[in-house]
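In the part that follows, the structures are each spelled out as structure tokens.
Okay, so chain A shows up in both of these, paired with chain B first and chain C after.
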Partner chain A sequence: MENSNDPKVNRRSFLQYALAGGAATGVANLTIMKDLFAQAPAGPIVIGHHVELTGGFASWGYWHDKAARKAVDLINQGGGIAKRKVVLATEDTESNPASGARKLRNLIQRANAEFVMGSVHSGVMLAAIPIATELKTIYMSMGEATEATGSKGTRYSFRTGMDTYSIAAAGVPWCMENLGKNWTVIYADYAWGQSHFQETKVIVEKLGGKVVGNIPVPLDAKDFVPYLTQIPAETQVVFSIFFGSLSVAFYTQSKSMGIGKRAKMYSVSGTLEAIAPADIEGAAEGVYILENFPRMLKYKDDGFHKEHNKIMELDDIDAREAGSKRIMAKSHAWQSWEDLYTLKAAIETSGYKTRKDTEGVIRALEGLPMKNSLGHPQGDKLLRKEDHSGILDCYISLIENGRFEVKKKIPKEDLAKNMPVRHDLSKMPV
Partner chain B sequence: MTNTLIALSINGLVWGLIIALIALGLSVIFGLLDIINLSHGDFFMIGTVIAWTVLTTTGSFWPAFLLAPLVGFVLGALIQRIVLQPIRNAAALSIVATFGLSMILQEVVRMTFGPTPRRILPPIRGTFDLFGIDYEIYRLFAAAVSILALAAFFLFLHHTKLGTWMRAVRHDPETATAMGIPAQRVYRVTFGLGFALAALGGVVASPITTVDFRAGVDVLPFCFMAVIIGGLGNLPGTAAAAVLLAFLEGIISSFATPTVARIASLVLMSAVLLLRPQGLFKGLTK
Partner chain C sequence: MIARTTIERGLLWGTGAFLLSVPWLIPALADRFWVNVIAEILIWSLFASSVNLLFGYVGLLSFGQALFFGFGMYGVAIGVEKLGLGFWPALGLGVAAPVAMAFVAGVFAVRLTWHYFAIITVVFSLIFYFLALTMKPLTGGDDGISFTLPSTFRFGASEWGFAQEAFQYLFILFTVAACLYAMRRLLGSPLGKAFMAIRDNDVRASLIGLNVYWLRLIAFVIAGFLAGLSGALFAFFGRYASATYMFYHVSGEAVVWTIVGGAGTLLGPLVGTSLFIVIREVVSTHWQHHSLIVGAVAILIVIYAPRGVVGLWRDLLDRWSAPKS
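And then the complex of A and B:
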């Protein structure tokens, strides 16, 4: 016998629940969409910062966070963006792609960030771009994996800084001419290191050189002896791609094994970012490094750079923070400062009011020139229209007596010439 | 080729001995307390930070060999009392607790020591020619310290009253308690010793690797592999497995890519789990 109180689902109750559920979902959706698309234009403009405050990239994240906060203060003191006060919403990615993806949704859907300055961690950045695109939010990438403005780029992903493609295009030609033609690439075996290896190999071979050694190193390596003994004898240039403690361990152990005596050592700024060569007891002495914002003021000696250092509380030699031992992640963290000014220019040019005007900002960013100024202390640059990539000046420095001594400036025009457009993101739908 | 093979084999032995020292602490804690300690790598990290602090404050590296295990022992005993004793009977909770402890230790070090990795110069400088490669003299010293520490620990375990108590509590805690052995105190000492061994490993390894708040994250998987291959809680087995693993990786690295060498270690671990889940060295003294 059927009990009238039986909680079993019948056709009538199913329809009731379905209608109620549908109505609730509709209301929730309308509320979210209202937040996303109909924010009052007179209110503050919320810009999200997707940053590594903890985890493996914490030493960089500190500087990205500080640069963003200082730049927001400056912008607000100058009247904000389009006369609207800027509110910075910050989320810690924990240097972890899974956490980063979740935090990005928080930024956009809960904190109502209308634009996001993105992660410097390539894994987090690549996890974030599809989400930002799905939520129709501009994401200013800062990691170096080329895919963000290449095969995995979208109309919403931009990068004012450098990627593995532009780093190879900027540094390899000079190194081939001055350091040697037989290269060994030794790198952290994940997306960032692999991407560097692939991009570098292409340019080395294109310029008539040879990659004689390809040595991926597991991320949990502590002992480098098995990897360093793999470097072929005919190697003239050892190109190393590590970051943080792995980088210090590499320099320490390669120094003790005398690798630098039989080959020239070359690397990218990321390997010594947030680290003063003097603090690692000379382990990186004699290494050539590709920078994009000289560690020492004297190599880009102008008032904007000087004022930037002053606001960031840096000394002009090591970029060390006053009253602490921290060294600024200088070739990366400027993006958190400059990207705010880049967004400001694009928002004001396009007449952006609400999220429905995002397409106008995208069009304004595509091909946006930036002038050397306090807003852009790294220097003149261009956000190339087709691949949304930064075209900027770079510097090859040699670590001498614990300092980054610039040996060659690579002008942005040379960089642009060496890195033809491979992906046209500007033709993708918004 | 032959020279490289010999050099990498010797290096594997040397590195394996250092890892054995760290992994032994993990095995001690599991063997006696049944705790899968996910914060063990951070105990190693604390050792490296103590070494760096001692060096920068006193100008000498040597006191760290004494101070780090002492501080480690005290911290370990405190952690056992405050964090683990209240959840003694819940194995699953201990995994969560030690994972949380790991995060706390990392973040405390990040906030105090800072997030930037540091380098310690070896207290014994210089290299010598080891079958064609420049090899640091300090590594041989580090291996010697590891052998001494391992030997001292096994002597302690088998020839002291406390060591006998530890083995008795491991064998049968109820009977040991009935015989008047203070089990809670033994647990505390055991956890302290586990921490002290890892901290000493940190001091020994710090001039070779780096000092960094996340240094322990990378060490932990290798230690777990040694403990699994050696047999959970099997102390001599763990030490032998650590040496075997590093030795194996050293040899394979001489003719294949280092990544293949790492894969080989993982395959070995999987094979042991599949065919000898009790570990390769069953039968050795626990």
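And then the complex of A and C:
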């Protein structure tokens, strides 16, 4: 035992040694532990969900959240992903790009999410992609802004669902053939509406039709009469793009003005998503809608769809939740379910173990085929290699007696043919 | 007994040392995520300082500062994405555009005071918000414009830019610190004294020969500069700009942060912004309705500490350091 009176060790030098020793041990510990965890990924795999639980998109976000939770339970019951339990980390984007960007960092840097299932809100999604790319994290986009898998896409952004480009490519050719060639596009005057207008116009004109009316409607419009009266007399197809309450107001007022009697009405699933036609007192009767997951089970009548509906607690007619009045946002929320299985397939195929292996998952996702199954109840599809876009079956439905009655299935092969690759993301550096 | 100034100076140095060490200290103690949260607090506190300059020192309550924040963001995003500018020219555009806008808006707005002034600033903000929302080819509307970051400095093969987290944080810290220091100097100058004279009594100020209209306009443009610079920094920080940031709700948040932190005090906006953003970050992960807590805290502070947290702190210090009889 050393003498505490030893001149070499006094109180001050002892404290200095203790502090230096502590610091050195701490640094060494941090370094060793860092490598240790980097090499031993046996723990759960964290997947982030960047979802709208509050704000303008909350009625859709509820379903995205529910679909993701149910799918995670299902995956974990089946042994997880690559034998690792899946932990779902959920963050509410508040339907706001500023919050969304922050919540994405939260998911990746705080919750340690290795992959993120992204937002259905285009603004949030586009704000998130540069951050996800910088943090080298795969982001499965769900919004419809075409930029996510186009001009603003990166190797890290993928979308199994649809964008304004694929929606136009899927629906317009059939409508041109069956509804008419003179189109008026009436839309909410913001990014989503304008994007639909631009993509639709291109395809209408390419197929020999004409856009005779272009009617942007301000977001704060209460009365549609001044806009509906602008629809030119020669219009054969009125293509409408509105969201939520604006959509209900449009359908109600256009019906009362008899627009549907002088032209065919066409729109996309987003305008009636999470809304039952019967609940708006027949205002949407006679409107053709492009869906990608039939609301009624009988139009994709297989065990996987049936089981999906059962797990999601939906009726098979209106997709209404048991014990509530909620209608599933069916043509969008399936992505939160299926994307987990898409990631599972890519992670397992690539042999992913840690974040260092993300490039392998990207390569596995590029061109990944998905088979109709419980993991992919929407049906067979392909995640196209070049533009990271989902190529999937779509359906033209007509609202009859308050129900979505499918009139035509648009096979994914036709969709692929009508939407040539515009951006090759697979050649971008990782 | 330790003097009040000694305590405040010590606290200031301590905070400064902490802020300087954040990029290294935080990752060793907590999630890296907090480095970005603190960077965001700094940016938003600069934004709140623009409200503070107008409200706390000139007596003008503006609900339109988001307009200049948005112009700052779009100056950067359009500069980088549409005009192909580098970091510094884009930053220059992100500052020049809101300053020019502040001058134009100010020419009309500062003729008015109190609720009329508040209303006209909201109206300006709403006009440009809706314009930005509809001008998708230029602004991206509510989808916004995302862009690839240009490097900030380049020496040969070496590059420094916002993609490096520590560099990004320190750049924001030094910019915000420089602005707060400049604001402190300004408030201590004859111009700053003139601002405060107008705040206290504009009629008396005009009677002693101050040109109230021009002085208010100068303050409005300086506040536009602060809001614009914070927007430009936020665009680089988020690699994104969107019309949603121009909504007057964004201005309202800055007003709340300023009042709660302490309007008319240099560091009040920093304190208020920190308080609310930290509450939000801690609570929002567990509970979506965190804004209820934020609202409750704001109400309590306004009722029980009308001079804000900084005012409360100073009262406590005064009471503590007062000589006991």
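A few remarks follow.
Assume the second predicted complex is superposed on the first by the 390 of 430 C-alpha atoms of A that agree within 3 Å, B and C clash if a C-alpha of one lies under 4 Å from a C-alpha of the other, contacts with A are read in each partner's own complex, and residues count from 1 in each chain.
What we mean here is this: a contact is a pair of C-beta atoms (placed from the backbone, for glycine too) under 8 Å apart; a residue touches a chain by one contact, two chains touch by 3 or more.
Please read all numbers here as calculations on a predicted model, not as lab measurements.
Touch criterion met: A:Ser122 reaches chain C, while chain B stays clear of it. By the touch criterion defined above, A:Leu398 lies against neither chain B nor chain C after alignment on the C-alpha atoms of chain A.
Contacts of A:Val287 after superposition: neither chain B nor chain C is touched.
Shared-chain residue A:Glu91: touches chain C; no touch with chain B. Judged by the touch definition given at the top, the superposed model places A:Gly56 against chain B, while chain C stays out of reach. By the touch criterion defined above, A:Met328 reaches neither chain B nor chain C. By the touch criterion stated above, A:Asp189 is placed in contact with chain B and with chain C alike.
When the two structures are aligned on the shared chain, A:Ser256 is found in touch with chain B, with no touch to chain C. In the superposition on chain A, A:Leu219 contacts both chain B and chain C. When the two complexes are laid over each other on chain A, chain A has residues 54, 189, 216, 218-220 in contact with both chain B and chain C. Within the complex formed with chain A, the chain C residues making contact are 28, 31-33, 36-37, 40, 130, 133-134, 136, 140-144, 146-148, 163, 238-240, 242, 244-245, 281, 284-285, 288-289. On chain A, the positions that touch chain B within their shared complex are 54-56, 58-59, 62, 189, 215-223, 225-227, 229-230, 244-245, 247-249, 251-253, 256-258, 274-275, 279-281, 283, 324-327. Touching chain C in their complex are the following residues of chain A: 30, 53-54, 91-92, 94, 96-98, 101-103, 105-106, 109-110, 122-123, 126-127, 129-131, 134, 145, 147, 152, 189-192, 194-195, 216, 218-220. Interface residues of chain B facing chain A in the complex, by the touch rule stated above, are 4, 7-8, 11-12, 15, 107, 110, 114-122, 127, 133-136, 205, 208-210, 212-215, 217-219, 221-222, 246, 249-250, 253-254, 257-259, 261-262.
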